[in-house]
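Read from first to last, the chains carry the letters A, B, C, D, E and F; within each, the first residue is number 1.
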Amino acid sequence: MTVMMNEMTWQDFADKKDDAVVFLPVGSTEQHGPMLPLSVDQIISTGLAKMLAERVDGIVAPCISYGYKSAPLSGGGPAFPGTIDMNAVTLMNLVEDVLEELIHDGVKKIFIMNGHFENEAFIRESMDLVSRRHEDVILFESSWWDVMSDDVMAQVFDEVEYPGIELEHAGILETSMTMFFRPELVKWERFVEDGVEAFLPYGIYPASRCEVSETGLLTTARTSSSKKGKLLADDITNAYVKLIEEWF
Amino acid sequence: MTVMMNEMTWQDFADKKDDAVVFLPVGSTEQHGPMLPLSVDQIISTGLAKMLAERVDGIVAPCISYGYKSAPLSGGGPAFPGTIDMNAVTLMNLVEDVLEELIHDGVKKIFIMNGHFENEAFIRESMDLVSRRHEDVILFESSWWDVMSDDVMAQVFDEVEYPGIELEHAGILETSMTMFFRPELVKWERFVEDGVEAFLPYGIYPASRCEVSETGLLTTARTSSSKKGKLLADDITNAYVKLIEEWF
Amino acid sequence: MTVMMNEMTWQDFADKKDDAVVFLPVGSTEQHGPMLPLSVDQIISTGLAKMLAERVDGIVAPCISYGYKSAPLSGGGPAFPGTIDMNAVTLMNLVEDVLEELIHDGVKKIFIMNGHFENEAFIRESMDLVSRRHEDVILFESSWWDVMSDDVMAQVFDEVEYPGIELEHAGILETSMTMFFRPELVKWERFVEDGVEAFLPYGIYPASRCEVSETGLLTTARTSSSKKGKLLADDITNAYVKLIEEWF
Amino acid sequence: MTVMMNEMTWQDFADKKDDAVVFLPVGSTEQHGPMLPLSVDQIISTGLAKMLAERVDGIVAPCISYGYKSAPLSGGGPAFPGTIDMNAVTLMNLVEDVLEELIHDGVKKIFIMNGHFENEAFIRESMDLVSRRHEDVILFESSWWDVMSDDVMAQVFDEVEYPGIELEHAGILETSMTMFFRPELVKWERFVEDGVEAFLPYGIYPASRCEVSETGLLTTARTSSSKKGKLLADDITNAYVKLIEEWF
Amino acid sequence: MTVMMNEMTWQDFADKKDDAVVFLPVGSTEQHGPMLPLSVDQIISTGLAKMLAERVDGIVAPCISYGYKSAPLSGGGPAFPGTIDMNAVTLMNLVEDVLEELIHDGVKKIFIMNGHFENEAFIRESMDLVSRRHEDVILFESSWWDVMSDDVMAQVFDEVEYPGIELEHAGILETSMTMFFRPELVKWERFVEDGVEAFLPYGIYPASRCEVSETGLLTTARTSSSKKGKLLADDITNAYVKLIEEWF
Amino acid sequence: MTVMMNEMTWQDFADKKDDAVVFLPVGSTEQHGPMLPLSVDQIISTGLAKMLAERVDGIVAPCISYGYKSAPLSGGGPAFPGTIDMNAVTLMNLVEDVLEELIHDGVKKIFIMNGHFENEAFIRESMDLVSRRHEDVILFESSWWDVMSDDVMAQVFDEVEYPGIELEHAGILETSMTMFFRPELVKWERFVEDGVEAFLPYGIYPASRCEVSETGLLTTARTSSSKKGKLLADDITNAYVKLIEEWF
């Protein structure tokens, strides 16, 4: 049977909800360079959540499609058309309401799969607010790039050097996983090498003062492949299955 | 080329955004009886938006998947697991931010396609707030059931009498269009006749005092078919194409 | 003794509050054409609440005088001087606070009498929020036009055809009841025939794009009379007395 | 012609709005001892506003009937049934919206007549927020007890000593003016002498720790009379007419 | 051992928190004429809190350094550079969160020492909101100028007449106490006589319409001295020690 | 002359404000183990801001003393008494208001010096909101640990291995700088070795499920010294002076 809540009837959901881990993917609508669709963060967070749910007999709630504001040096920033940035309060309220409602329905285990770097602090604020009211519910959140193993990273960055997660926007990790989850949406023929020199350890506003590459790329996606995408997805889900066993 | 923003790169979006109508589907995650998935309001609003965008060369923004609170007598209410209800402020902020960001990107024509009865007043509040700041942008909102022609309605309700839109929840209209847009998600084998006697012209809280059928059905879906779904979808999009020509 | 809370001392109120239904009229300050005062929605909601309170030995709380934003095609919209539109959040907070305070005082039965079409969704959001915290209190809300009997409607619309409730703004229903409740405030000498062609099944912003009649009338008030006003008021209160017996 | 906005048609209002001072009375729904109605602060603020509007050809907007939280030692506090306390945010939003809408209609001179001690700081916050956006509009606010002349005060407190404005709750000032404006609502037969010893120069919470008299009286109303009420009302309006000439 | 929370380790704080009164000074960053620093309200509220904490073995929490908006006639208003005005909502949330967190840590007695005239109504709103959730905790608030004894006032205003607390901004009271608490920050060589004629019993916006002296002084500081500052500080703390014994 | 705004008169501030960089330190009130005071993040952010202001002739605004919620694995979390956690909305509003007011005063260059790991995302949200309204003002934010040079880090971590910034809470960096800025507040006699094994790449709620050391230490402070503190402070300010020259 499907693990996707969007494909379930309410009775399907009712049958599983008490014991199942419910995965909430949080993505964004954000530029990802000339090759990748605006929905990359939705695709990867949902794709990983689906793999996980299938392994642990969980449920995947509808993805939050609009995320927090893209920062110039980790996502290109607001100057790129198609990047749709939510205010902090909006994202926090949205996550808070979804968590409250799942808990209202009797769910006891919630795993938020974050696919957009800038979302995390705001998701955690919502989790904290909800958790104070529901101490018996376990709320877990992680960004997928935080659990990759050294071994797999070495295989993925076999030719290109890992630029660090901040600059890994539309780079090998995201490109490979999009190739794996939704190959038809990757326009490899538009591949270019582009990027920025370094992540800056400070924030400067107006954001327009930060120079970003014209393509929106922060690093190269060269050597990306669907195979690497699968390798990563397997590695990440393996790590999360262990954490689920440990925490839930 | 695709009309789905989620499948576009930022450059695809940038090329079209200045002139195109951008459609924003607003749905819900809500029980729709034993046969239909929780995502019916997302499916229909997105499906119609996609048909329209293809006819007028527009763009479909990612669907808002979580909608305003389901009312017992128009959607079954909060007692059904799987119904995930947003607070008014959450939905209003979300719509407001998406509109602001589309406008920030240079979009001048926005069509909000509402697929969930209870959303409308809150969507319009957001439109009003945004519109005061951007008087040059045209914001249009409609619920799809408000433009069906008498002729098509007569064909659709050939055996069953139309119960009125409030009770037409998981009825012939929604079932037929889900059969048309996503036939694989309709579990016709679970069909039952069920419903409530009448829509009540008042609200009573706690919502638990309102008696709803055990299945969540408010009316019958008997005689639903994919063919009727297509008839409806064509009829509705025809009406909207005329309105788009008139207003935009 | 008076049923009007505004005319009671705190001890008068204290004596009745535990068992009585408290009626909260919610109106607006909104244009009602050339003949009717800006306070029509306050007058009718308060007038009906007072009649009801006298029949069921209830209490009428002070009317909320400022309501949600007037829509062009159901109230003329923001372009008419004298229409004072509250934001959604303002009205929701106000209703929420009044309900909370009545409940804090020990009131167990609250009936919100709505007199302004656009208020309803926001009132219900407040009711829902309050109700979750006070499950033992019955909160009931209705707009007076939702319970009129077919029989009386036939008598009221004896010459003029009923245009539907959306356009019945400053029409026969509201004019007749204002004539009944506050005859001195109706300027019949300014009577004109005016109106709009049809209610539009969509919202368009900026609101200024919607054409409304110059007078603010959406339909005709011809054949209005105080007698019809009494007929309506009696019919409506009869219906509500039955509902009060049923629900409270 | 009437000065009461609630009694005007929109065209009446439109004719006067550009030049007239619009008075916004802000009251409360609050216990005022055994003799006076819960609406004293509405009655006095509206009564004075009406007198003023008649003298300067102004307009009186609908009174804000629900005010900020009653403090134990200036109004009896939340323990008295019938006292309906708004949260700060609610009152601030309400005043802000009403001011914005009056200004939107073209009003250039607004006078807020405060009748409830605890409202003032919150009203001024709203005025400040609005004023920053509309520097050409004059916003004026005053509590009526702040402009009484020494001469009249000596006549009013001919036998009883003035207890200071904080304790003058349901005392001679408010009782006399209610006798003047709405004599039928004063229940003199319930007169008792009661009160508290002194106003405390600090706030203590929970409010229930503050001892208030059982009647809700903070001071005596002995020697109150309609004649004193008229004396006060004339004195106050005289002072305000001068201030209006000075500032508007 | 220190009474200043900022100088304690968490274990120092943990040892005392259950029984101690925690003092929360609330100040402002606001012009205080040519002689006094912008932090006068922080200095005095913290200084008094420290003296008190030393006498009753309490704890002084970090001062809230930014206060509510300065009013022209009680603090000079927004036109003076260096006056940093918080919105009402900001101050209310800040006080609310600090109180909640102290209570979360087990604190049962909290004394808010207010040093800025305009703060008080907003502080009390926060206290009320918190107190409803924690009825077992005593929350006390006072502005230091409300408890000065007549005897000491006579000694302090030996030559200059007391102008009333509203105009006592950067006057003898504040100047003397700053001389006492932080003599090195008083620039007496810049002393000038300046001031306004009278406190106005109304508010007028835009604030720029209120004429204030060029120096920001509302009254004279002539005859100020550190000795008077000590006299005042002792007098005020004496009064509060008595109140603490009475209430806590 | 002083660079501390709290020590300036309004005229001192007015003389410098147009050209000077204004530094806003944002700290926290948070446990820092058995040796360090609760105000470490205030001390370091203010200390560095002061050094910088002295080098570039800037101004240091009053420190924001209460910061965002401490996370278990980067600050010990809410279970430690003395940790006073602000909600996201509170911190965001506070930073937003301070920025708006500085800009209102004519300041054109603002540098936010962050001293508390968890603050950053919320500070940046406020900067973004303010920046959209004031595109001519430069807003810069950085956490001091993001600009340390490899060379100095090697000297500081001469014996102990650098645990990574997340765990460097009350470790060598913070201890050494507190020793440098406020040696009298460090209780070295309470030194213990304690800590956690690793920073976890995920968040789990309720926060109480995260095991933290009993002392609140996440890593060791062994080998800390005032000399290392000076080395760090010089290194950090050197880096920022360069960035100030580059950006302002």
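Basically, contacts are C-beta pairs under 8 Å (C-beta built on N, C-alpha and C of every residue); 3 or more make two chains touch, one makes a residue touch a chain.
All values derive from a computational prediction rather than experimental measurement.
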Neighbouring chains shared between chain A and chain C, ordered by label: B
Pair joined by the larger number of C-beta contacts - C-D, A-F: C-D
Farthest chain (mean CA position) relative to chain F: C
Chain A and chain B: spacing of chain centres that average the CA atoms, whole Å: 27
Between chain D and chain B, distance of the C-alpha-averaged centres to the nearest whole Å: 48
Length of the line joining the C-alpha centres of chain B and chain E, rounded to whole Å: 56
Multi-partner residues of chain E (at least 2 other chains): 87, 89
Chain contact graph, described as a line, ring, star, complete graph or other shape: ring
Touch list for chain D against partner chain E, complex: 69, 71, 87-89, 92, 118, 120-122, 124-125, 127-132, 135, 138-143, 146-147, 201-209, 243, 247
Touching residues (chain side chain F, partner chain E) in the complex: 5-11, 13-14, 17, 29, 31-39, 42, 61-66, 78, 80-87, 89-90, 93-94, 96-98, 101-102, 104-106, 185, 187, 190, 216
